[in-house]
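Below, each structure is written out as structure tokens.
Note that subunit A is present in both complexes that follow, paired respectively with subunit B and with subunit C.
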Partner chain A sequence: MGDEKKFRALLVSAALLIACIFSYNIFGEYLRADIFEYIKRRAYYENVLKNKGLDLREGMHWRKKQ
Partner chain B sequence: MGDKVRCELCPTECELDNYQIGGCRTRINKSGVLYSLVYGKPCSVAIDPIEKKPFYHFLPATAAFSIATAGCVLDCKFCQNYQISQARPEEVDHKDLPPADVVRQALYYGCRSITYTYTEPTVFYEYMFDTAKLARDFKLKNTMHTCGYINSRPLRELAPFMDAADVDLKAFTEDFYSRICGGRLRPVLDTLVELKKAGVWIEITNLVIPTLNDDIKKISEMTAWIVNNLGRDVPLHFSRFFPYYKLKNLPPTPPGTLSDARKAALDSGLRYVYIGNLAGGGQNTSCHKCGRLLVERSGFRVNQNNIINGRCGSCGTGIPGVWG
Partner chain C sequence: MTRDIRNIRTAILSVALSAVAVGLLFNNQTPVIDEQAILRELAPGASFTQKGGTPPHYLSEGLVAFNTHDISPSVRGYAGPIKTLVVMDRQGRITGLRIIDHRETKNYVHYMETPEYLSRFIGRSVNDPLEIGSDIDGISRATISVQALARSVRESSVKAASDLLGVRVLRAEAGRASEHAWIIYTAYFSAAFFCYFMTRHNPRFLYTRDVSLVLGLIIPGIYLSTPFSMLQLFNMVLFGPSNSYLWLALVISTAISVLLAGRFYCGWICPFGALSELLGRLPVRKWNISSGSDGDWRRLKYPALGISIAAALAGRRPESGNYETYVTLFSLSGSYLSWGLVGLTLIANVRVRRFWCRYLCPVAALTGLLSRSDNRYVSNSQCPMDNRPGPHISECIRCNRCFVRTERTGEQNG
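Then we have the complex of A and B:
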């Protein structure tokens, strides 16, 4: 790989890295909160609800949100 | 983590993320499907006199097989059953009692009806729906004691299997519903009208709470609404409040307030107005035409019943209700 190609690759990687850092700073909080909440809810279901003998029965009158 | 669902059972219309539980504590979104956590899992099962619901114009002196699961769609600060209504299903002991077993036991114990009660039956809608449908095949009646906080589509689907409903009309202001119950008044009024249209026998209970909903002007407005929208024959039960749950700071309802409320309701044109939770008068049914005593009650006991084939035993006037 010639020097010019190496330099271009370095530039692209640096730009990507900067974009990642920016978006993490902007959206990271939401993303982390979302993931942690999800993990907490799922753990509650797996560890508590499932062990209480509360079988799930599909509900009536609901719909999927797009 | 997508898979969001919207529950359309009650007017709260919760939007639930994956593995999130609804405000009523009894419905969960699991991977984009909404499930009930309480189907066939009642935490309360009992045989009660129908008068306890209270129903005064529906099969008097009969036994009602009564069931409830944990959970509620509202959060009333005066709830008399908050230990189960405000509990999560996993926090209370429950029995395994599928619809077929409810019907079997109701028949075995000689009950004439199954009542969905104690907590708000909307939270166990699927369980109630299947049980009510099955009960019909065995000539059992279905009744519910409800806060009326349910959307009209599920209500319309349920109504053909429901014979009677005692609806708590907790107050006649939106402010009371939002501050004290965490809900809205309008959907409850819509439920009452919907039930009436569907031919379900209705009785209404109003718990009179000092300083919060005991304004006689407001009570008169409420009773006028009942007369205009549901008719004069709907029995209305004014119930005495006792300090409880989050309203321990208020005194019990003075008996005089209950008598005033009853008078206001009779003045509005209602024919059958009762007082509950109070020893003494206001429990008996008299003929609206000739005034003769028809049903004499003490507590939940019926001492005498002079209604013959749905008519006054004295003057023969038809008495509104379901009597046989």
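Then we have the complex of A and C:
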């Protein structure tokens, strides 16, 4: 690969990283909150609801009722 | 090129003004903080009254709580007030506290917000000094912020204890913590600026720039951990000037240098620029990049600057626009992505001289756009920016290696 190509690849990678940093700065908090909420819901389903033979949607309904 | 730069200048200014307008129209709501909910966590089991009285406070059996900003609103950190909720017992002893709102840069103050650090205030009395370096530990790279935190807690606690609890405060009002950082920075900056003008008259002193670069890495970089960054400008536009002397020294000196000497800051002071240039001096073959490709890619820093300004000002959140490698490197804090960018650019400098400064740096883009033309900078083979002969002034970092002492007539470079 010639110098020019390597240089272009390097700059494109840096630009992509910067785009990811902007996205993370702007949406990171929301994404993190969503991911943690999902993990919590999933963990509750795996540990509690699945053993009762309920699916996730049904289980969440009964959990709210309780 | 000159017309291009004029267009870019207009575009960036339009982006900044539009972003400020969008921010004011859509994102100007102060976040509502449920102080009662926080008090329930700080003092479980206690039931506090509604906030009221002078100074404003919450009361519970055996406890009083207050927001430091309600009592000492003038105390500011680097970018604004650090609002802290403090719970105190009837003897004037702090039993709990939490920072509920601030605008400091997260990279620098993330440790200050942790319960581990705040626990150092717990059990302290209003008669304790409550001063950084005395009974409260400082945090390197966040000195101004923690000093402001300690000062606001100290002043508001003393006022609350004497006015609300009738506690006799034995110690005298503590003075403002001494702040020498701005003196060190100003002395260094002035010396470098003097050397800059000296090297324009006599090239024998060009070695002073190398000394300045090393000191730039040490003083604003490692020791003060405060390189000039877009965050300082975003904070100023959104929340007004800081009352930190170091902040004032940084912003004022950089503004003066841009007016008088264009990108002097980049070429003589910037710690990341210094590190980049020193890495570029390693005896490794440099990549051969065509002049057309180099010129085109150098414009990449302008859209990056525009996006950074739009993100920070429209969202009214300075951190949203932050992708600056020097903030991550010298605060020793940042996301994996930010550290990835730091690593990539540092390695790139070995093959491409001042890679970050030429193609990506937002401060370089801004100071370049604001530089006044000076056609005595003609560029030569020693140029640390690898500028082609007769460069546009926005790409010149004023190393003075190519400075022509007699004014040329004819082609203008700016």
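Observations on the structure shown:
Going forward, the second predicted complex is superposed on the first by the 51 of 66 C-alpha atoms of A that agree within 3 Å, B and C clash if a C-alpha of one lies under 4 Å from a C-alpha of the other, contacts with A are read in each partner's own complex, and residues count from 1 in each chain.
Throughout what follows, a contact is a pair of C-beta atoms (placed from the backbone, for glycine too) under 8 Å apart; a residue touches a chain by one contact, two chains touch by 3 or more.
These numbers were taken from a predicted model, which means no experiment stands behind them.
Of the two partner chains placed by the overlay, only subunit B lies in contact with A:Tyr38; subunit C stays clear of it. After overlaying the two complexes on the shared chain, residue contacts for A:Ala9 are found with neither subunit B nor subunit C. By the document's definition of touching, of the two partners only subunit B reaches A:Leu49; subunit C does not. Annotation for subunit A, partner touching more residues between subunit B and subunit C: B. Per the touch definition, subunit B reaches subunit A in the complex via residues 1, 3-9, 15, 17-21, 27-28, 30, 32-41, 89-90, 94, 96, 125-127, 129, 151, 153-154, 157. Subunit A contributes residues 3-4, 6-8, 10-11, 13-15, 17-18, 20-22, 24-26, 28 to its touches with subunit C in the complex. On the subunit C side of its complex with subunit A, the touching residues are 287-290, 293, 297, 300, 304, 307-308, 311, 315, 319-323, 335, 337-338, 340-341, 344-345, 348, 351-352, 355, 359-360. For subunit A in complex with subunit B, the touching residues are 34-35, 37-38, 41-42, 44-45, 48-49, 52-65.
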